[in-house]
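Labels run A, B, C and D following the written order; every chain starts at residue 1.
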Amino acid sequence: MIDRYSRKELRALWSDQRRYDTWLEVELAACTAMEREGTVPAGTAARVREKAGGKLNPARILEIEERTRHDVIAFLTHVEELAGADARWLHLGMTSSDVLDSSLGILLVAATDEILGGLDLLLAALKKRAEEHRHTAMMGRSHGIHAEPVTLGIVFAGFYAEARRNRRRLEAARAAIAVGKIAGAVGTYANVSPAVEKEALAALGLRAETVSTQVVQRDRHAELFGALALLGASVEKLAIQVRHWQRTEVGEAEEAFGKGQKGSSAMPHKKNPILSENLTGLARLLRGYAVPALENVALWHERDISHSSVERIAAPDATSLADFMLRRAAGLVDGLVVHSARMQKNLQLTGGLIFSEGVMLALVRTGLPRQTAYEIVQRSALRARDEGGDFKSLLSADPEVSSRLPAGALDGAFDLQHHLRHADRIIDRALSDEELP
Amino acid sequence: MIDRYSRKELRALWSDQRRYDTWLEVELAACTAMEREGTVPAGTAARVREKAGGKLNPARILEIEERTRHDVIAFLTHVEELAGADARWLHLGMTSSDVLDSSLGILLVAATDEILGGLDLLLAALKKRAEEHRHTAMMGRSHGIHAEPVTLGIVFAGFYAEARRNRRRLEAARAAIAVGKIAGAVGTYANVSPAVEKEALAALGLRAETVSTQVVQRDRHAELFGALALLGASVEKLAIQVRHWQRTEVGEAEEAFGKGQKGSSAMPHKKNPILSENLTGLARLLRGYAVPALENVALWHERDISHSSVERIAAPDATSLADFMLRRAAGLVDGLVVHSARMQKNLQLTGGLIFSEGVMLALVRTGLPRQTAYEIVQRSALRARDEGGDFKSLLSADPEVSSRLPAGALDGAFDLQHHLRHADRIIDRALSDEELP
Amino acid sequence: MIDRYSRKELRALWSDQRRYDTWLEVELAACTAMEREGTVPAGTAARVREKAGGKLNPARILEIEERTRHDVIAFLTHVEELAGADARWLHLGMTSSDVLDSSLGILLVAATDEILGGLDLLLAALKKRAEEHRHTAMMGRSHGIHAEPVTLGIVFAGFYAEARRNRRRLEAARAAIAVGKIAGAVGTYANVSPAVEKEALAALGLRAETVSTQVVQRDRHAELFGALALLGASVEKLAIQVRHWQRTEVGEAEEAFGKGQKGSSAMPHKKNPILSENLTGLARLLRGYAVPALENVALWHERDISHSSVERIAAPDATSLADFMLRRAAGLVDGLVVHSARMQKNLQLTGGLIFSEGVMLALVRTGLPRQTAYEIVQRSALRARDEGGDFKSLLSADPEVSSRLPAGALDGAFDLQHHLRHADRIIDRALSDEELP
Amino acid sequence: MIDRYSRKELRALWSDQRRYDTWLEVELAACTAMEREGTVPAGTAARVREKAGGKLNPARILEIEERTRHDVIAFLTHVEELAGADARWLHLGMTSSDVLDSSLGILLVAATDEILGGLDLLLAALKKRAEEHRHTAMMGRSHGIHAEPVTLGIVFAGFYAEARRNRRRLEAARAAIAVGKIAGAVGTYANVSPAVEKEALAALGLRAETVSTQVVQRDRHAELFGALALLGASVEKLAIQVRHWQRTEVGEAEEAFGKGQKGSSAMPHKKNPILSENLTGLARLLRGYAVPALENVALWHERDISHSSVERIAAPDATSLADFMLRRAAGLVDGLVVHSARMQKNLQLTGGLIFSEGVMLALVRTGLPRQTAYEIVQRSALRARDEGGDFKSLLSADPEVSSRLPAGALDGAFDLQHHLRHADRIIDRALSDEELP
């Protein structure tokens, strides 16, 4: 997690302080439940909270860990330093992973909520721009080649629909990860009761793992990292779209350029889509974290600790990168400078070639076999493209076309508005949120 | 897709024949909807079906494709060869991807249904073995080291619960992928109507893509490949568990060994967990297909065709491997030979060390600070472990223990049944399917 | 391995027939060495070769394997069927992996040699085009934005230099993989001698694994799959370059378009860069095979067989895809249609903005601080860009420029030939093969 | 990069301070070369170094970057603040990437040298332990099942040989990455000369990129990340070996356990192989960084900046993790506690079954067909295994064996020393470093 690519909220979330504070919350929730159950003296949790709550010193815990080489034992030793005798009632019948995994669940849920907040910002920006550009005609391209017209609103609506699918995936992953365990060394409740687990976890906003081993099962975490990687891929798609639009030769839209911003140290004329390129790279990193998360699933027997080092790095890094990406993407969409005049110009770049399908279909409707019609149209199209003539004129001059299509019929095939007549319907359908995302 | 690791059902599903037949189904469904709409003469689809249905010749299509270098055009040309003039009404206003992607949706749904069938076999096998071994005590291990007892039933129940989570993910992915499009070159319905798309896709068991470009959006496919990779990781976990059990030194369970089967060409004494090792390797391949699927998401503009080569290989391979793995895993669980006597023997291997936590907790309950109790117990434990003495005797001989715990209290901590008293509860909870998976 | 993306040479190489034939070669090489050593009767190998060589029946071996569930035992049984009593001298003191891994080494070396052949075709095509276009000026772009001029020859020379680096990596991987073992069940030569191994492997073109376990170590194979993935990434870079060039708005180069080829089933005007898009996708698959190959390294103890299923799929698929990609890439470069007139036109697209660095440097040389010069030039540049004026005229009209740079000095900064004066030097350096690749 | 998994040397190497200091070194090396060339006034570099060297303030640079949103321009502005008018001679004709990529080359070389240092520690530890345990017999295992004996020295020698192969790969990657560029905006030396580049880079310990675009080509970096991932996989293999050895049921070796160290917060009896498990997880992360590095290769045209965000995270993280892993692995090997008595005990665990191959081969030598001999031996072997009898006695009691093998011949097949007679030869070969690694 580096400052450059993370918000301070996420850095705080993954700080040592927050982690140890969360561990204490888990211990106290369990202790409170045990008090109610009668296995721990009433008032213990409250007394420990008074003496140790908000006073944990990460540096001291790390110092103790140097010696014990065990993080939770170091933490408990420190709590005992602060809270005295009452601390012996903590962690009763529990194993380290009861604390660690329940705490990880809490933190991952909090991180996912931040990410969902960012996703909502992106959704809002996409919706706004889709509404704004419902009828802004632009070239649709397949294979990088001009195909047929679309509207910019449709494009934004498409990203909106995809973002909603990512929201569904993230919500599912959030539910999967909102799980803890207080079930003892191998998950059998040998020295702790299921009732204590249920009550304590509920107080922490978590459900109990269905069947624990020593740990919460890692397919849950892999689902989250997978959802983040897929989210990242969708942001990358948006970023690559912007990078194409901003190309010198295309020029249809560009990133907002700040006051004082410099594009290149060597070339004063440049304005580069660096935010989008940055998002492209970050998406690669998110894919990179999904792979080790999948390898973390197959722990040995009731657990081995190989997942831990992966998660110490990937959990903060992947969540904070995803959070950062969404805020940046939302800002990118929000501030995107749209050059609709250039879009108009680009629509005309091929001299009407983009309407070739309509001509072909008009010929088919006159009774020509499809492949014959295709070849007739391709003939004029490739000539227009390679020799530079006007497509419609070439068609008119072709007796096989003119004998079948009177001038009016040909004009109809070249009508932009006809092409875009369903734009509102498409956009409404996407923005209405009625569809299963 | 190689014969060794695929079932014939999946090989049929991904055959050229089936693909072309499915393309024809999509064309006919669209044609039928257009007939109802009035844009195509009534009876066209029926006549084409009569002449071409069941008669498509993959070799002929590939031959035509050699020339056109375009698969759908080659297919349409072949249909025209078979069905004559009526064929010109096919594909009207459609683009190749309308056929290809709707067809891919149909095939992926069918493949996913096969996989779900395999998953249900695995679920059934796990449930049966969990019931059977509810109270079969075995050693629980963390870090490969004896920890505390579990039951084999709990272990199977854990795999059952995880398999149900994978079922949930696969169902979500199935819904995501059960999508097609008949929306034309760039998804704007320029020459085809939304009503035709809706009717045709419904007849094919699909929904319409919310916002199409030229194609169905690839985050949908990435979700499926991701779900398969995660499913594979869970199967790998099961396989690694079996491999550990079958180790010579552990010997708690082993794969069924067929009549005439040979373990090693050099060593006639061997029976190796080769099915489980095979599953471990196949899980790696599934992870390998998830990465390119994520890279497929960010297509350029209204599409580029870079996803196609990935899918031609990864769609058949990943789905057939997943299907194969589940059938193999189900058989593995079903036939697993359990050596419960060896489990008993292994439970006693450490001379009672595995009950150390109970002793420590008993000491804490007498009023000792946790860390003091920990150190008292560790002292005897490490002696027993390193010098081979009996743990309970060493504890009894330690005045700090005996002064606090009378013999009866010590016995209680060494009670296996007490450790496993919640086994039924855990198993019932998992098998009841009440929990959110 | 699918026909669409593999050459017949590679399909033959990875056929069952070739695999079993290679196994026999390994057995016979070992047998011959044992004859020389005196542990096997002289003439045995020759007699077995006469009776079984060229007569192995894959279907029969698979049939036997159905029963034994062990491939090498099935193979040996079949050889015994063909060769009779002499066959009992085969495989003496050997383990299956002696045959399998030595054979895999032979096949991977052969596949790598095919790939190297393809790489040499690509190198030759790149060299030819680099020579041809040494001085073909074209726009250089960073961030997709016009930067400063390059020549097409420099671009091809860059791909040439990168391909040579990939050749170096592949050669290293070939050496790493040209290794076998005939060292028995756990690599200790318990029942076979190091001398036999050395002689037999030398006859097969292999070195002996330095320290065998049951198998050749899998870091060797991972190196090869890694080299293929990196090779694929370089081909992808070339493919993406072509896709950008072929964009409608850029139009600087395009894939050769075959007679009769059709670009789109819906849009007769299209010529799409489908070969390049295909290469982009295949590169993703190669990355996908590199990951499981890395996971294959950490086998358990003297081996587990989890690597086998990965290799049965990834070895044929990754090598045949890489081979296919290189042949396709070589053809792509060879046939690439270059539109140098369009390159000229694009160079002028920004009205001279691409020379802004030269102007800034000229100002710095008059004594201005760099940042001041930068801001002066940026001012005119952004105006030219946003308001459409001519950059050089705007500069001339700026007193801060004109007071420092007389007209002649300004012209110098706008000189294309001056920019490209080192093109030959760069290209010569790359094509000379003098540099460490 | 987190403190827990990195050494302070690597943290310093990747600090902001070191990065900016290295940028300054690159600028000064270029400036010095330009002085010699005569394009910059003599003494400039020396004066800038005097005023700015060792005085760069990272916080101030970041502050300026807030405004310019360009890191190198911010850096240059800060240098100008410190060094005054002379600073305008810096960066002349250069582009940001000239500084960034040359600097990255320097830092990656330095990081690789640290990693090579760690690898040498591991090699030394492996060599020492291989010598020490040349003849320490232990069970060899395939599929986790007892196979035939090996020696611990052979095992260590195998890891040694593999580590040497990784050294070869890292050295190749180091050479590939020891490259910079000072070639201007698109690599054409438009405003800087090849001679300046050559001299400046030589002074920095780098070669010049063969053909630059705006940047050094990213296949070089991908080679390094790939080499690190493969190195990690080999360390993982060692770690998994240790984890198996330390299993309770195996007990053949274990990690050194520090004074005061605690194995489990719940179970005082435990000593867990946590270092090895940690290494297993870190290897997964290294695989995760190799994938985005491969995706970084295919930059657009003369460059896009998508690689940058990947490298800002992956370069420090992957190199510092690899460095950390090697030091930890070296310590692990060095301190590994070997239980040779337990190894002896485990060798006898199967009552001689592990010698079954020798018996079979002895039968073959009497003239029996291999498969018949195999089945005779397997018969007794499976009985011994399943019914617990002594293998050798069962064989003696089998008339088909006793009729062919007199008691002495049978004893020979059960001779451990005979099995291990080539141990020295294997170890010498590996440790001599004569083989191509």
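Methods note: a residue touches a chain if its C-beta (ideal position, glycine included) is under 8 Å from a C-beta of that chain, and two chains touch if they have at least 3 such contacts.
All values derive from a computational prediction rather than experimental measurement.
Simply put, chain C must spin 180° to overlay its Cα atoms on chain D, rounded in steps of 5. Over half of the residue numbers at the chain A-chain C interface are used by both copies of the sequence. Two chain pairs are in question, A-B and A-D; the one with more C-beta pairs in contact is A-B.
The geometric centre of chain A is 24 Å away from that of chain B, both derived from CA atoms.
Rounded to whole angstrom units, the spacing between the C-alpha centres of chain A and chain D is 32. Along chain B, residues 73, 76, 91, 93, 141-144, 147-148, 184-185, 191, 243-244, 262-264, 266-267, 272, 274, 277, 280, 287, 290-291, 295, 300, 304-305, 357, 374 each make contact with two or more other chains.
The touching residues of chain B, when paired with chain C in their complex, are 2, 4-5, 67-70, 72-73, 76, 91, 93-96, 184-185, 191, 243, 258, 260-267, 272, 274, 277-278, 280-282, 284-285, 287-292, 295-296, 300, 304-310, 312-314, 317.
Those residues of chain D that touch chain C in the shared complex are 73, 76-77, 80, 85, 87-88, 90-93, 140-144, 147-150, 154, 157-158, 160-162, 165-166, 168-169, 172, 175-176, 184-191, 194, 207, 210-214, 217, 219-220, 222-223, 226, 229-230, 233-234, 236-237, 239-241, 244, 280, 283, 287, 290-291, 294-295, 297-305, 357-358, 361, 364, 368-371, 374, 418-420, 422-423, 425-426, 429-430, 435-436. The part of chain B that touches chain D in the complex is made up of residues 139, 141-148, 243-244, 246-250, 262-264, 266-274, 277, 291, 295, 346, 349-350, 353-354, 356-357, 360, 374-375, 377-378, 381-382, 384-385, 391.
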